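Listed after this line are the structures, all set down as structure tokens.
The two complexes that follow have chain A in common; it is paired with chain B in the first and with chain C in the second.
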Partner chain A sequence: MTQEIPSIHADDLHAEATVGERTVGVRLVGSADTRSMKPLDAMLDRVHAAALERSAPEVVVDLRQCDFINSSCLKSFVVWLNRIQDLPTEQQYKIRFLSDDRKHWQRRGLGTLSCFAVELVRIEAEPRERA
Partner chain B sequence: MMQSMENASFELRFAPNVALVATVRRFVTDFYGKVVRDDDVTDRLAVAAHELLDNAVRYSSDSQTVIGIHVNREEANLEVTIRTTNRASAAQLDAARRALDEVISASDASAVYAAQVRRAAKRTDGSGLGLGRVRAEMDLSLSYEIRDDSVTILARGRFPARRVEATNRAEDG
Partner chain C sequence: MNEPDLPAQLVARFRAAALERIERIESAWLALTQQMGGDEAERDLLHDMHTLKGEARVVGFADVVLITQRLEDVFFVARRHRYRIHEDVDVVVTMGLQFLRMLVRKRAGTSHGGIDLNGFLAHIDEVLSEWPRQPEMAEGPASTASVGSDGAGVAQQTRLRLGLAATDVYLSSIASPSDARLRRAWTLLASELADLTAVQILPLLRRYASAAKDLAGELGKAVEVAVTSPDVRVETEVLDALNAALLHTIRNAVDHGIEPAQMRHARGKPPRGSIEIEVSSRDDAIEVTIRDDGGGIDVERVRERAVALGLARADVAKAMAVDDAIELVFAPGMTVRESASAISGRGIGLDAVRASIERVHGSIRIASQDGRGVTVSIRFPRAGRAIEVHRLPSTRQGVVLALPTTWTLRDADAGAAVDPLDLLAVGAAPGPRQRYLVARDGVEHALWAGGPPSRATAVRICPTAPSVPAEVVEIDSVEALLLRPDAIFKTPGP
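On to the complex of A and B.
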């Protein structure tokens, strides 16, 4: 069984994962840069394992309160997507990003991820959650 | 530091580390958000500044980096320039030259960035995406100059200033 996935409280980034019976989600708040790359990699590893264990059809990644992701952390998502691509088709799951369209970098960065794995990435632009 | 409705510039000399890079990005967002009042352009500047400074941290031999950002309003456009300069060892200069040449020489910025993303999926050392991101995602042209033991990277772009004009008119009225 997957253990609880530890949250990240690394410098400017707060991230938490939620795991249900057949659902897995990740929420990033703040900024993900070089300092948070290793904990983010570790979290996405665990999220990947949890998604496989539950045969989750998708993982929801909520970026609406995420202010920035640098290229090192963008790579973390590329690596994750690549691991899904390497799975047999029947084990592959989708990643649905919730984004805030007012954050222009999200539109551009998620576009890059979508081009890399168009068959796996879904992007939903939603209004930012109110505090 | 200089600012007006027509242009806004600043230059900073410091020893960047990953924490300070984030601080500069936040400053750029705040400063240009207030001065040019164009979220899209401000976002491009902030992301590009962060990626170029990340690069400087990686390729600097003495931890001294200069970053200058200039935004000029030319009729209906905003012309933006970001310049970073840092000293580097011969090996670092070689690595920087290779990385820059790959991105600059490509006729199709999106294609070379897509190739870098595919490569990044298997890389274990760094992402190799920063410069490609500046050119392809932020739509900024790149050039560079290596003189003696220092490298200067210049990122430039021109973007419509429609929203600036609208905001300024509203305030003037």
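On to the complex of A and C.
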């Protein structure tokens, strides 16, 4: 049984994971930069383990209140995705990002991330406000 | 990925070397964007990427070649911006290197959940096309969030501050002509400013000429690329817009314009396609023309696609003159191909190219002759670097003054006058001098000069803000002090 996944309470980043019977979710609030990399890597490791243990079909990552993730931390998501890609097809699960389309960095960052594995990454964007 | 029939050992060796190269490229990129990398980091970055591209081509990793080519395009522009880049650029490079890692590791028959190579290339192309409007990092590492800051304005202010500092050094150097250090400092500052404000166009054209031949080789086509250009410099923003236009135009010419050798033979054309890139420089504008001798635009196909995409009504499209129908290629969302190709991809459209050119007050037009090729003409105004001036000798040997021709200048036989060199704390020299009246909008100032004026065109090499009394310009490659009467003469003259 997976232990509870510790939250991150860094200077600018708050992140928490929720684990259900067959569901796993992560919510990031604030900004993730190079200082947040290690704790974020550790959290995503545990999230991956929890998803496998529960045979979760997907992990939901809520970035709607996330103001910024720099390129180094986006790399942490790529590494996570690579680990899913390395699994046998039947064990691969999907990552569904809840994003805020008004944040340009999310469109660019998640857009490039989804190109790594369009079948594994899904982006649900809150619609952009009309100009 | 199509791995050719190569010994597994060779492919394994490529994989191991490529991963090491990517690691080194990543370190060099990080150092350069954090402003901590010197020439060595830049050499590593460019050399490793170039070698990776070459090795990938040898072992048939075509998708790796495509990504490395695009990243080289990004590095080329980032280098010009001294690696002070927008976060978006950092994202596509960092993710691009991760993408390369994935492609290098990927083995035939494994499921990666759908790699979207074209989608990724489109992100890189978008970032390249948006570069002129992207806020740059004002200072500090790229890892610091700078989204939302008006970097373009900051860059201009930085230039003006540097211009002010350089003008001060120039004035000190002419006040103390025996101080060689001051002269060296001025020369260095002037050179740095020249690089910041205006860059040579020719290296960019040569780079695209070489890239066009590489692309043609990958497509099994032979293309000659001729570049004709005088030594022209343009603002960095203009060069970035031109970069986006060339990226699109040349890839399209090679991928879709130039026909395969067999088809060219059947059409009575030489087997080798031709692309000419020509730059002409006029007083008020610079024009870049790209001509290919390919098949030209299929105008009927453009009409059909415009209708299919809902960009024009069928009856309107049908009735359009050929030139108007060709204009449809600039419509947002327009693409003549139903599926993307790996080279031209489904990246930036011509609407984005036109938008980036219009942002720097330029224009782009396309002409096509069926079966004979396409001509793309891009025109940029010479944005404020050249100004018309009255040139006149100062009272000091070797120091030339200039006044904007928006002010009139005439002899004055009598009355008080001031020497601008005294006002600038350079120190006037005794000797023959002549009094002149500088006038505009009813305001007059009298000044001493060393001889009669003549009209000339000056080039701004060291721009300062309008409130600063002077800046250094060049007239026929000779430095001159451009005076701003409003600022230098604090009190109305006689």
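Assume the second predicted complex is superposed on the first by the 126 of 131 C-alpha atoms of A that agree within 3 Å, B and C clash if a C-alpha of one lies under 4 Å from a C-alpha of the other, contacts with A are read in each partner's own complex, and residues count from 1 in each chain.
FYI, contacts are C-beta pairs under 8 Å (C-beta built on N, C-alpha and C of every residue); 3 or more make two chains touch, one makes a residue touch a chain.
On a predicted model such as this, the values are computed, not experimentally measured, just so you know.
Participant: Clash or fit: chain B and chain C on chain A?
Facilitator: With chain A as the common anchor, chain B and chain C collide in the superposed model.
Participant: For A:Ser114, is the partner it touches chain B (first), chain C (second), both, or none of the two (neither)?
Facilitator: second
Participant: Pick one for A:Asp11: touches chain B only (first), chain C only (second), both, or neither.
Facilitator: In the superposed model, A:Asp11 contacts chain B only, not chain C.
Participant: Once the structures are superposed on A, label A:Thr89 by its partner contacts, choosing first (chain B), second (chain C), both or neither.
Facilitator: A:Thr89 sits against chain C, while chain B stays out of touch.
Participant: Using the superposition on chain A described above, determine whether A:Gly20 touches chain B (first), chain C (second), both, or neither.
Facilitator: It touches nothing on chain B or chain C.
Participant: State whether A:Val78 touches chain B only (first), chain C only (second), both chains, or neither.
Facilitator: The answer is both, since A:Val78 touches chain B and chain C.
Participant: Examine A:Arg102 and indicate which partner it touches, taking first as chain B and second as chain C; both and neither are also allowed.
Facilitator: The first partner, chain B, only.
Participant: Between chain B (first) and chain C (second), which, if any, makes contact with A:Ser31: first, second, both or neither?
Facilitator: A:Ser31: touches chain B and chain C.
Participant: Per the definitions at the top, what is the overlap between the chain A residues touching chain B and those touching chain C?
Facilitator: 31, 33-34, 68, 70-72, 74-75, 78, 82, 104-105, 108-109, 111-112, 115-116
Participant: Under the stated contact criterion, what part of chain B meets chain A in this complex?
Facilitator: Within the complex, chain B contacts chain A at residues 18-19, 21-22, 25, 39-40, 43-44, 46-47, 50-51, 54, 113-114, 117-118, 120-123, 126-127, 129-130, 133, 136-138.
Participant: Quick check on the complex: what are the chain C residues that touch chain A?
Facilitator: Within the complex, chain C contacts chain A at residues 87-88, 90-95, 98-99, 102, 111-117, 119-120, 123, 127, 142-145, 147.
Participant: Please name which positions on chain A make contact with chain B in the complex.
Facilitator: 11-12, 31, 33-35, 68, 70-72, 74-75, 78-79, 81-82, 102-105, 108-109, 111-112, 115-116
Participant: Over in the complex, which chain A residues touch chain C? Could you list them?
Facilitator: Against chain C, chain A makes touches at 31, 33-34, 67-68, 70-72, 74-75, 78, 82, 84-85, 89, 92, 104-105, 108-109, 111-121.
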